[in-house]
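Two complexes come next, and they have one chain in common, chain A, joined by chain B in the first and chain C in the second.
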Partner chain A sequence: MARTFVGMPPFPVAARSALSDTRLRRNLAHATGTIREKRARVVAEVEDWEDLRRQAAAVKDATLARLDEHLLTLEAALTARGATVHWARDAADACAVVADVARAHGVDEVVKVKSMATQEIGLNEALAAQGIAAWETDLAELIVQLGDDLPSHILVPAIHRGRAEVREIFRTRMAAAGRPAPDDLTDDPAALAGAARLHLREKFLRARMAVSGANFAVAETGTLVVVESEGNGRMCLTLPEVLVSVVGIEKVVPTFGDLDLFLRLLPRSSTGERMNPYTSTWTGVTPGDGPQEVHVVLLDNGRTRALADEVARPVLRCIRCSACLNVCPVYERVGGHAYGSVYPGPIGAILNPMLTGVGSDPATDALPYASTLCGACGDVCPVAIDIPGLLVHERVRVVDAHRADPRPKPEALAMRAAAWVLGDSRRMALGERASGLAGRLRTRRAAPGGRGVLGWLPFPGSRWTGARDLPTPPVESFRAWWRRTGRDEGQGRR
Partner chain B sequence: MRVAVMATCLGDAMFPEAPRATVRLLRRLGVEVDVPDAQTCCGQPMVNTGYLDEAVPLVRTTVSAFAGYDAVVVPSGSCAGSVRHQHRMVADRADDAALRRGVADLVPRTHELSEFLVDVLGVTDVGASFPHRVTYHPTCHSLRMLRVGDRPLRLLRAVHGIDLVELPRADECCGFGGTFAVKNADTSVAMGSDKARHVRETGAEVLVAGDASCLMHVGGLLSRQRAGVRTMHLAEVLAATADDPAGVG
Partner chain C sequence: MSARDDVLAAVRAALGEDRPDLPAVDRSYRDRDPLPAGADLVDLFVERVEDYRAEVTRCAAADLEATVAAALAGAERVVVPDGLDLAVRGAVPDADLTPTGLDAVDAVVTRASLGVAETGTLVLTHGPGEGRRAITLVPDVHVCVLPASGVVRGVTDAVAALDPVRPQTWVSGPSATSDIELDRVEGVHGPRTLHVVLVSDA
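And now, the complex of A and B:
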């Protein structure tokens, strides 16, 4: 994969080009609409859904409050069961661990289970730089990898592709990566899956090392859990001799019993299924069965930064279900690439700034603003993260990070001016008298009710009038009307 | 009961029809209405754009302007939501115990219009008459911040002569989003175009909502399209009677 998110333009610019991609718009509207309906259907079946959400939030919060202890418990349990635990401060640390293990075994290729953590740290690119090929085995990740593309959704990374595009990618790109696609490949979904199955099979059988993430890590037992829908994960987790799992430190749950809650919430929120198809659990090394060398890389990469912020901390509850993406009206129209990260959508708009910090990169600073604060995301979140509230929190942090700038942004000056005018009713009334004069202007068109229509304003008003009309201001403000008639009328009626 | 109307800055300066209709409607229902002169803006535009310090004077103004009233009626879901869910954060930022107390006192007295009518006055039939084909957009902050539920629809269904038609994908955001509408103008317009399309599919003559801001956005698109659909605030429809069809006196 040559392409990365590095250097992508900020959200408003990236969104503009995405919005003009008609095929993308259609693919996204169809796909998110389908998952949205499935989720709503299966969530409605669970009577105590709201209780489950609250319980899950409470378990996660309690775990995060004592994360250091749970991580040490996890490390001890893993070590006792024959796994090697590595602690990675950042992406470079984590990638180096995986590359070292690969080199120690002299392998030049690894098979991968779909994993957000390894996407986040850019593992495939880091391994490629060392001459090690990392093969994605999840169907959608395979489509993205073969297409030299970027993921645009947490669960369905190729959601922006239609099946005709997938056929084209398989036809033209599969041969360079291994077994070619059949000559008579159609865009029938079963045929496409069949081609992927044949292509991947030789990689599963050949690979000596696998890399995975984990959906959950159970501290008391040292058990890692991966949930997936295709069985490719299970192949990777059982066939190779060596397994390295890169696990974000927030993935810890204290006890095996806690899984019950999350394995009920995750599939319904994520794929809209009642139960997850392939749930793999493994605990260190089992002699004579599965990988005989097991490594676990516990990844920080900014998570302790979010942990330290008590308001932002609940973002670490996230179980990467992507329900918030599927209900987000912004995501539905622009897709995932515009967010410039492997974590798109509402969760990405808060998670990325929290992991990397704000104030230095305009693209990161733009992310918390990539939302109308409509609240649909917060309502579906299975771990009850107040996403709209955290979006506002991150906006405050962005603004605060720029308060000391030698040259304030025009927006900051406008906000200060507005706060001054609106800080006192007399100043506001003066402003309304001025705008009332503008209301006397004759315009070409009249709005219903008789007010004029402004179809064009100079910048920055053009941001509004580019596509929307605006009525001329009323000649008489409400305040003025009340002074003139309202008060008297009120007394007259008493 | 001493009741104050919060005009909201947008209602005061740009869409006075909405607070005027609110005043007339409440009076018709026998409520003694006052409009405190000192009110300006709840500070929501600043808070939602991240400018907390700038919101502090506005929250102070709001808290003091509405002190002493038994109820504050707001013809806007998002401004009522701002008072109920955001003012506390601003008071915390100011680190001002008196302001925090003022906010805590204001919050339970603040009602969005449909909440006040249905929950406090206990009416759904407000005696309105509006013989037009209407569709209703439930704005996001009414729906998901205040959880007003079907209160506005219950009020509208009781309006005499109304032809109320359901809006497809009604609970989806219109794309306004405050400063989002200009910071992310393209995405905002893309969302608004879909909302406008759904509105047109209903064949309605009037689009009604409880927030002037969302109506300004969708109405701006409909006007640009010469769609033949006008926008009206919920208060205007509820204020309209057979004798006074315009509802603004």
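And now, the complex of A and C:
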């Protein structure tokens, strides 16, 4: 199962407290505004961007439709090139594989490349329970790990932290994990990056084992691809003797040639650059270059649940670029922690319910509602996932999962009442008379554009009007108007 | 059942027996020019490498050694891979230097397999003249030599030209991060200085 963060309240509660954190909102507004602007500029350079998105989606869809065949091809290619392939049904399987490899080599620490898959399976915690330290080496992951914090963004897990907070975390926490921060550390981002360079270098130079994910896995050749910026990925993929890569089964692309789409789409969507500083590819073991023992863990962990749902299957196209987070008006205001899970934002609001299933965990069930359905996420998605459509689909699944609840939700009761009223013409006429009376209520006022709205209703309607206006019901229903005038007018014209 | 059997069975159950053929991927994007109309291939490559705050020097073949020497000014120990085919002052041939050993050199000089104009990217495939991956990673200065004829138009051309089985490193500027407030900062774990020497084809 994918994790939701233990003890986090469901989104509506967490969002309320996040909204009142002014420092968080300032950090997020600055960061998401910066990245949106960068992305827009480099995407505008690519004239056939829309076509590239469509073809990338087609590659992913065709691969998913024959996923079993591609996985077997990948396994055979990796094995032929000297890698050891493992399969993992779930987080426990995958963590056990990594821990076994570590134990076999007698290591008590591993260095890690930033990886959503290893976050998802809770690898660091599982290794810690076995006495193995897992050092995060991406700068933002380091900030999160040293601060004993939770990630809040797919690309920049410490996006909720400003430079002054980062300086404080480095000053107070680095010493306990290794080389301390310099005494004269300022909050200049270059100085902070320099401190991370010194702190991590000793770990890179002595590390015997590394753990990574992969952005893509090429079935035909067994080639894995990691896309990164800082060089921490290259350090982990190159210097240690042993490398274990945890790869979701949806990361497969059929051929190396298919990468010509994804290597154009991903950097521009993700960091807003024409190309990220470093992309590494490796194919099993290369004698004399890099780790001489290479393991690949192919991870299901709920992905086949998404695969089985033909409507939701395109969620598995996701290449974890985080463009949908950066444009989301909800994410920008509440941040990633409110989503209570490893995958925040619009994609997380469909991915988490898909990976873990709905109907049992209230926090997961709340996620598909953490959206205004404005559609910005779908517009920027580099693999053209219809995120708003899938949010609605997930809402349907949540409602369906609760139909047999012994205590129905208020919304279900309201819908049942509506069905009863609308299902009979006399009951509907009575309902229209009642809503016509509501239209004469004194709380009505004019909204911009002159439309009448109700700004306030008594409980339980106050739950709705507390945050939204309700259009004033017409004083006279259509059917009443038709009885009064319409029939005669119609005959008059004939 | 093994985990392998279980995962494959779950995939097959999810997909079912009846698998309609999906529309083929339209590859016509490969025929389109990724560069702005009228752009000079090599000029654009230089401009886009410089956008990442890497240094670029263009030189004639006869001036290559002098240009590399100037780029290495101040570096006393310079690791060089087999097959570099350049005289470098202070050269330390890479004979399985340990990571700590690499950390003690000042710079590295290598060649690259190709350059990508669309993105300002160098691609190393770590054969002769380029060396194993670690040598272009641990030293703080990387001087990278590329003939102008090695520049291709776009990512699509680069992917088509490369051998997937060779390890590859695509380098676009010096190591960088945007992890603090999304402000880009050059220089984290990889070389903080990337100096590209582009050799004219004359």
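Just so we're on the same page, the second predicted complex is superposed on the first by the 415 of 494 C-alpha atoms of A that agree within 3 Å, B and C clash if a C-alpha of one lies under 4 Å from a C-alpha of the other, contacts with A are read in each partner's own complex, and residues count from 1 in each chain.
Basically, a residue touches a chain if its C-beta (ideal position, glycine included) is under 8 Å from a C-beta of that chain, and two chains touch if they have at least 3 such contacts.
Everything numeric here is computed off the predicted structure, so don't read it as measured data.
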With the two complexes superposed on chain A, say which partner A:62 touches: chain B (first), chain C (second), both, or neither. second
Point to revise | First, second, both or neither for A:438, with chain B first and chain C second | key: neither
- Query: Once the shared chain is lined up, is A:395 touching chain B (first), chain C (second), both, or neither of them?
  - Reply: first
Item to check | Partner chain(s) touched by A:221 [first = chain B, second = chain C, both, neither] | outcome: second
Margin query: If we overlay the two complexes on their shared chain A, which of chain B and chain C does A:425 touch? Say first, second, both or neither.
Written below: first
* After lining up the shared chain so the two structures overlap, which partner does A:166 touch, if you call chain B first and chain C second: first, second, both or neither? -> second
Max touched-residue count on chain A (chain B vs chain C) belongs to chain C
Within their complex, chain A touches chain C through residues 27, 30-31, 34-35, 45-48, 51-52, 54-55, 58-59, 61-62, 65-68, 71-72, 81, 86-89, 93, 137-140, 143, 156, 158-159, 161-163, 166, 189-190, 192-194, 196-197, 200-201, 204-205, 218, 220-221, 223, 229-232, 234-235, 237-239, 249, 256-257, 259-261, 263-264, 267, 271, 273-283, 286, 288-290, 298, 300, 304-305, 307-308
Note: in the complex, chain B contacts chain A through residues 7, 9, 11-17, 19-20, 23, 27, 32-35, 37-41, 45-52, 54-55, 57-58, 61, 65, 86, 140-141, 143-145, 171-173, 175-193, 216-217, 219-221, 223-224, 230, 249
Chain C residues touching chain A in their complex are 2-4, 6-8, 10-15, 19-20, 22-30, 32, 34, 36, 48, 51-52, 99-100, 103, 116, 118-121, 126, 132-134, 137-138, 154-156, 158-160, 162, 164-183, 185, 187-191
Counting only contacts in the complex, chain A reaches chain B at residues 11-12, 15-16, 19, 329-330, 333-334, 368-376, 378-379, 392, 394-400, 411-412, 415-416, 418-419, 422-425, 428, 431-432, 435, 447-449, 453, 455, 460, 463-464, 466-471, 473-474, 476-479, 481-482, 486-487, 489-490, 493-494
